[in-house]
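Same chain, two partners: chain A is paired with chain B first, then with chain C.
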Partner chain A sequence: MRDIYHDELDAIGSLVICMAKSVAVAMERATAALLDANLQLAEQVLGGDASVDALRNEIEERCFQIIATQSPVATDLRVVISTIHLAADLERMGDLAHHVAKIARLRFPEHAVPGEVRAVFEQMGEVAHSLITKVIEVVDGRDVELAQAIEVEDDSMDALRRKLFTIVLSDRWAHGTEAAIDVTLLGRYYERYADHAVAVARHTTFIVTGERAA
Partner chain B sequence: MAKRIDAKDLDIYYGKFLAVSEVNVTIEPRSVTAFIGPSGCGKSTVLRTLNRMHEVVAGASVRGEVLLDGEDIYGAGIDPVDVRRTIGMVFQRPNPFPTMSIYDNVVAGLRLQSGRIRRSELDGIVEKSLRGANLWNEVKDRLDKPGAGLSGGQQQRLCIARAIAVQPQVLLMDEPCSALDPISTLAIEDLIQELKTTYTIVIVTHNMQQAARVSDRTAFFNLAGVGKPGQLVEIDETQKIFSNPSQKRTEDYISGRFG
Partner chain C sequence: MRDIYHDELDAIGSLVICMAKSVAVAMERATAALLDANLQLAEQVLGGDASVDALRNEIEERCFQIIATQSPVATDLRVVISTIHLAADLERMGDLAHHVAKIARLRFPEHAVPGEVRAVFEQMGEVAHSLITKVIEVVDGRDVELAQAIEVEDDSMDALRRKLFTIVLSDRWAHGTEAAIDVTLLGRYYERYADHAVAVARHTTFIVTGERAA
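On to the complex of A and B.
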């Protein structure tokens, strides 16, 4: 019964996965562009963000229509409301990849990231990739346990950011103010990226359990 | 005025056929409880056992207890007519007495039960009941006209006025809006919200959104299986039922995943 309605809910779910995968690719390319001063990759990220934004708009519009016409209840209602929220988080994650790529392009042909913090950004890129990969699994399989793992992994991103601060604030920092600002902002972008991944995980947990995270 | 209902271990039969089994439910005073569930699951049957209307059907019987503020309405020496006066009922189709005036419709129950009452007293009851049913302003200038001349929504409110004229403590409503247009439906729903400050209300509805809109608690009934009796699957706060029900069968039904 209500096949069209349930097909539409499934279709919206597929759009969310598609959006998350686009975000994953964007951050992967942005990190590579940053570490390798690769202008071409940076441009790809900057050009691709519009499609992530468009997906978010489409998801929001279709959720709106479902509420207007189908009166979803229970799990369906939680799916629709949470999807609107988590699509906003995914869009923001896309924006943060965009910001990383923008700094990479701004400093090209130089490297935006000095050698001594390169390893930290490599790790941040790895954590970011691992997070979005888990996010895709969590959203696709409504996996509450994996959602908890995302929270733990976010802590390691926070630790990496603190490490960046220590390096930039030390007396041995020899790259000047501009590089310090770049590094601080970049650290902030990765850290926020991880926070939004946590938010997506929490929205998914709410879909499954009906309980909001404390 | 409003009383609490406790149904305990209710088994409801038509002849030898067990229609509904093992219903245990508490209905709080001054609240609205909605019964939802697919056709044939026994929700109307349960409703009708709450004021002994079920036994009007030939061969129908009930096992278990229905306590009204602790007193079993199926107890020895209890007069079913008294029960039905205390626990009023409004039906699916508005059923005013067609040849009676609006005025006489409202006081029909009173005249049956109390014999002669002074005209001035009756006038007061008619006004109070019609005001209670949100109909007074629409009919006060034509009380002597036939009830059948009113619109469907007005007729249903007239039936509610007739039900509350005898000052019941509980109002049972069996799909009171299913024959009404959306505007009349909303008028009745608003009225239910006002009535619940005075009465205990139980409403059977096929319209789940109506249950969500008007009730404090929702009970979901379903058949236990093909050829099996109906049963109460879950009763909880309405908000809980429609946002995160405990039973998967409830979730499937309200999301349209049954069948």
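On to the complex of A and C.
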């Protein structure tokens, strides 16, 4: 009984990692689509979102089946419930990559991102990638110390967002209101992406802490 | 055994309604704070968010206890898992009211919202209030037809948001980039609030459909 439970939980864990890797690729492509005004990459992100959503549904359904058939309690149950939350956060991160790609597509063949903020978005993309890479390691190895590093990187994403505002609100901003709106929304999407990475790390920390306490 | 289960589920249902009512008040006050540059109301919203978060934790913890002690299966289990999701959506709606109040406080004693877009935000506030009122009725009475009306109102929120963009991007916009950014973010917050109302309605529909099918 316990072995079936843990085998299935491992299988679900692999699906979570698979989902996180899809999200990582989506945000990497979305950032490249944005920085290079690359329509093809934007379309790839927009076309790929359904498979992330499908993975989330499968993870949730299998967690549901585990609860229904194995009746886990205490820490075991917390692991399953945390996995359901975690999949929801990853799905949302996929949605945010989708939103970034949508703005890139909307402005094509123009660049949505003017030259002055390009470097900031490049850094945001790098932080986003570093975050999801760490998320995958945390979920895979359940490394709590890495989870703390994720919180620090979330702070640097917030700092990058503040930098965007400084540039857009300076007197030298010559790209008008439409570009300011795009930059505002894009900044928000990267910030939320980082927030959800933190949420995934926290769910995982909770799983590990629970396991240690058990 | 079954009666304890349903009594506890009813009690959790009351907590959900209590949470939804707190969220309704928060967004109503946040909108008033925004439209009237009312600092006191903004502070009330910012101070009240913790109790919404606490309610969410209590709901999740009690759902968890139900699963651990009653081992519900099939539809009963779906109800509990849906309730966990539903509480997460309501918490996020509370966060969004918090974000609206924060912008109102940031710009005080000025109005964050220039005269031209005031009417649109007034309508967004009305739609938001109508949405959460319907959400409460749906959760309370599990009225699936009302859930469909929620989807229609979500469309009208999206239309209001597009109207905001039209105003901000018109040549007559004379309030500069900072106000444009505020309006963009505020529009996004109301839109997301409506999205989460739709999610709550969908979770409830799923519960009802599940019950009917059982």
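Observations on the model:
We take it that the second predicted complex is superposed on the first by the 206 of 214 C-alpha atoms of A that agree within 3 Å, B and C clash if a C-alpha of one lies under 4 Å from a C-alpha of the other, contacts with A are read in each partner's own complex, and residues count from 1 in each chain.
Note that a contact is a pair of C-beta atoms (placed from the backbone, for glycine too) under 8 Å apart; a residue touches a chain by one contact, two chains touch by 3 or more.
Nothing here was measured: the structure is a model prediction, and the numbers come from that model.
Touch criterion met: A:S71 reaches chain B and chain C at once. Once the two complexes are laid over each other on the shared chain, residue contacts for A:F108 go to neither chain B nor chain C. By the touch criterion stated above, A:Y5 is placed in contact with chain B alone, chain C being left untouched. Of the two partner chains placed by superposition, only chain C is touched by A:E178; chain B is not. Comparing chain B with chain C, the partner in contact with more residues of chain A is C.
Taken together, the two complexes place residues 71, 73-74, 77-78 of chain A in contact with chain B and also with chain C. Across the interface of their complex, chain B is touched by residues 1-2, 5-6, 71-78, 210 of chain A. Considering their complex, residues 208-209, 212, 242-245, 250-251, 254-259 of chain B touch chain A. Taken in their complex, chain C has these residues touching chain A: 60, 64, 67-68, 71, 73-74, 77-78, 81, 84-85, 88, 165, 168-169, 173, 177-178, 180-181, 184-185, 188.
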